[in-house]
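Remarks on the structure that follows.
Order as written gives the chain letters A, B, C, D and E; numbering starts at 1 within each chain.
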């Protein structure tokens, strides 16, 4: 279970240009996060992962406190174990697809880690680009490497920021199966940002809709 | 000191090597004397030379550099060490003498035949060592002063940081004239013409002092090296490179 | 004599470049990635050995490290050894004068690496050190190599400070630039030219090879 | 004397840094963005003034630009003027020794700019020059500023080559480092310390301000 | 009218890993370009704009030859006047939204260009981020700045590589209106890459489907 209760403002000069304030408890399994562009979806994921620090509030995953402004707790990013698919991928430009995926795998010999990486690439139908550098991949291929990298790192929670937006409809269907499998296998919470109604409908046992920094609709399975 | 003229025949020479810091103008002569020294000791003791500007050598010694003998191109540096009691005063002695000469480029359109000619309007630039840092420059300044030329030449002087630079300027025709030691002029060969020699009484005698360093752990070998420099053979080598004997009157006079 | 000076120069320069590489990266990292009081002042102060005439730098080194120096005194008391007139002294001189070049160039390139890659690395469970080594460094590669090349060249050419602290003892502390100095000052022009040519060739070859190598490897 | 030397140093350094900035950027651009035969060799050769003892560099400058020099001869014949013993000679010396620092640092940072921004600029109808000026330069800012700072500091501290071509004429060509050297070499420690302090303060202040300024402006 | 007849191969080591070969004539107006991830859509747009050079062939827009391998013609990018929305946006990171859009506007005083830029931003509902830098924008906001920048530059052809993929469904509908308006106003060809069936259906008078570097279906209004 993920508990979030935070406030965060961005400023343009002196004026607050964006004001996020929300409080929600999210159960395990899939949660679809939607909302118009600029609603604060990415900002929320970045706060959960520790990349953006809330002005105040509390974030807690399965009794482990990630952030607590009163107690001055702020667990470093690397200890939060989030698998993050960034909206702009953030693939390491100097590593091949395989090396990108290997990078986050924590256990096993180097041969084992390599095998696991190749397996992940195959899962997302990009085994043929295993040896390619990011700049030699198409947009959709890059996005799938980012997804493979995040899920291969055995995270405690997966934060997927529009992870299939650049992939064609046909392929996307197959990949969604794999993402769902991964969630079921690991049992960890997946937060999945999407603008795609079909995706949302398919994944959404839980669903949160944001607008202008607020939750306008929440359908969550929590205490 | 003058009791450094002991015989070195009856004393065994230590094995190992000694370090001699010497003015760079002594390089050729001292390298040769170094070989002689080595041969004399049956190759058991060698000399490591540390050639540089006398001022740099002085500062190294002041800060504890492991040196056994110091041969300076000027008294000033040796005096500074003496004051701080860093040299073995008994071993200090002048071992060579130099003269100051006026040189012009090999092919020069300007006629300069004496120091007095330097005031001619066609002489635009004169290279001399920096009196504050280069011994040759110090003597040159003194000489020009005695000749009453300091004021008149003040804005024509280019101050070089070593004698080599003066030679380079003259050889390349950047200046109409320069003042260097006769040994330097000799080294430059036909590229420069010596047109005048400064009178001995226009400046303090140009003497090269040598001394053993107080902190040296090879003081015996150090003194033996000094003795060798002072010996007939040593003086012969120095003469070969244009130095005259410290005691003898200037042969050019 | 050329041979001795060349060997010594290679020894001094390789040790110095290795030290400058390690120490320089450490400083660059601190300056680029951490915040502390007086940071920009430290950065500014680090350029000093560039500004002071090398002889003056050498003078301060000898005042510090000489047998009677502020630090050198204790080293000598304890070990009976001193930096003065040793090749290690030449290394110290080379490190001091070339460090600023390394730090300036590599700090700038480390700071230019987009933060998203480092953040991605953190989310993948890597610590600061591993992230720096495996993500930041390779991405800042060009600037770091440029810094190393500058430092190498500067160390190879170091002369003024070396003369002061290490002296000019053939076969012991006489590096190539000192040999050139000696040849020039004693009017041995032919030898000076040969030495300068060897030094030139050595430096061009080293820089050329470094360039080639760093460019044929994977580029980000 | 301090005042004269300081004024002269400021003049020489500002002119030299301006020239190094312009010429250095041109070279960096050519090395980073164009292909031609012997490019890496040129890059390697450009580091030479770092490797050669400054006195040797100065000697070559005299051979080139002196009154009877390869180029200087014609200048002198036509204008009756020569670089030797002028503050312009000091500028030339400062430019030559500091140019490699600028080029190395800025080439690396220009090459590190992702190609997508330049391509985007071309699709928006901009030519190479405007793209370089408005896109590449600002994105390579850090490395370029680092190069300029290095060049500035090196020019400020330039000593060996300046001494050779510009001579050491108090009030005319005696820059701060020459004055410091003179004070140190003549054992005038007090004056040396004052001068070194002034130079140190000047350099730290300049570098500090540059850092501050380049960091408070928009960062890419 | 745009004529394309090109061949392009990418190599992994010695082996051709991607082989594009196609020949098509496209009339003015909207053309929707679809196909699975890795089909070669982006590669095609980059060849039209001059960013990627074909191995051989010919590209011609309205009688103006852009590329012709036999005659060794290769018009530089900047003279082709393409308005390109890159899949990864490629916004200038050191410029605000307004400055990014202004950059490509060729005519008018600086005040006029500024006004035009602000107008374009308003058209795409992002006037509130006019003064913000790219790193201070959400994904969808960045994408809209890229769209505004490309269309403001008065191109001879617009190449839009999934230009609304990061924008929510609701906003996307309104933006599509504006894109269609822009096409009608200017009369230039728009090539629009999308995976979104709704978008494709709405825009597609002409439609090209690619797969593995070949055109598998073309419905174009040409000669």
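FYI, contacts are C-beta pairs under 8 Å (C-beta built on N, C-alpha and C of every residue); 3 or more make two chains touch, one makes a residue touch a chain.
This one's a predicted model, so the numbers in the text were calculated from it and none came from an experiment.
Peer 1: How many hops, at fewest, get you from subunit B to subunit E via touching chains?
Peer 2: Shortest path length, in steps: 2.
Peer 1: Applying the touch definition from the top, give me the chains sitting in contact with each of subunit B and subunit D.
Peer 2: Both-contact set = C.
Peer 1: Can you work out the whole-Å distance between the CA centroids of subunit B and subunit C?
Peer 2: That pair's centroid distance is 35 Å.
Peer 1: Give, as an integer number of Å, the spacing between the C-alpha centres of subunit E and subunit C.
Peer 2: Inter-chain centre distance comes to 49 Å.
Peer 1: Any idea how many Å lie between the Cα centroids of subunit C and subunit D?
Peer 2: It comes to 20 Å between the two C-alpha centres.
Peer 1: Between subunit A and subunit C, what is the separation of their C-alpha centroids in Å?
Peer 2: A distance of 44 Å separates the two centres.
Peer 1: Mark out which residues of subunit A touch at least two other chains, giving numbers and ranges.
Peer 2: 88
Peer 1: Hey, what residues on subunit C touch two or more of the other chains?
Peer 2: 55, 59, 184
Peer 1: If I count partner chains per residue in subunit B, which residues reach a count of at least 2?
Peer 2: Residues 56 of subunit B each touch two or more of the other chains.
Peer 1: What's the complete list of touching chain pairs for this entry?
Peer 2: A-C, A-E, B-C, B-D, C-D, D-E
Peer 1: Give every residue of subunit E touching subunit D within the complex, in rising order.
Peer 2: Touching subunit D from subunit E are residues 49-51, 76-78, 80-84, 86, 88, 90-94, 103-104, 106, 133, 149-150, 153.
Peer 1: Residue numbers of subunit D touching subunit B in their complex, please.
Peer 2: 59, 62-63, 66-69, 82, 84-85, 163-164, 167-170, 181-183, 185-188
Peer 1: Show which residues of subunit B lie in contact with subunit D when the two form their complex.
Peer 2: 53, 55-56, 58, 80, 125, 130, 132-133, 157-161, 165, 168-169, 172-174
Peer 1: What residues of subunit C sit close enough to touch subunit A in their complex?
Peer 2: Contacts found on subunit C: 116-117, 119-127, 134-135, 138-139, 141, 218-220.
Peer 1: Quick check: in the complex, which residue numbers of subunit B touch subunit C?
Peer 2: Subunit B reaches subunit C through residues 19, 21, 24-25, 27-28, 48-52, 56, 59-60, 62-67, 162, 164, 167, 184, 187-188.
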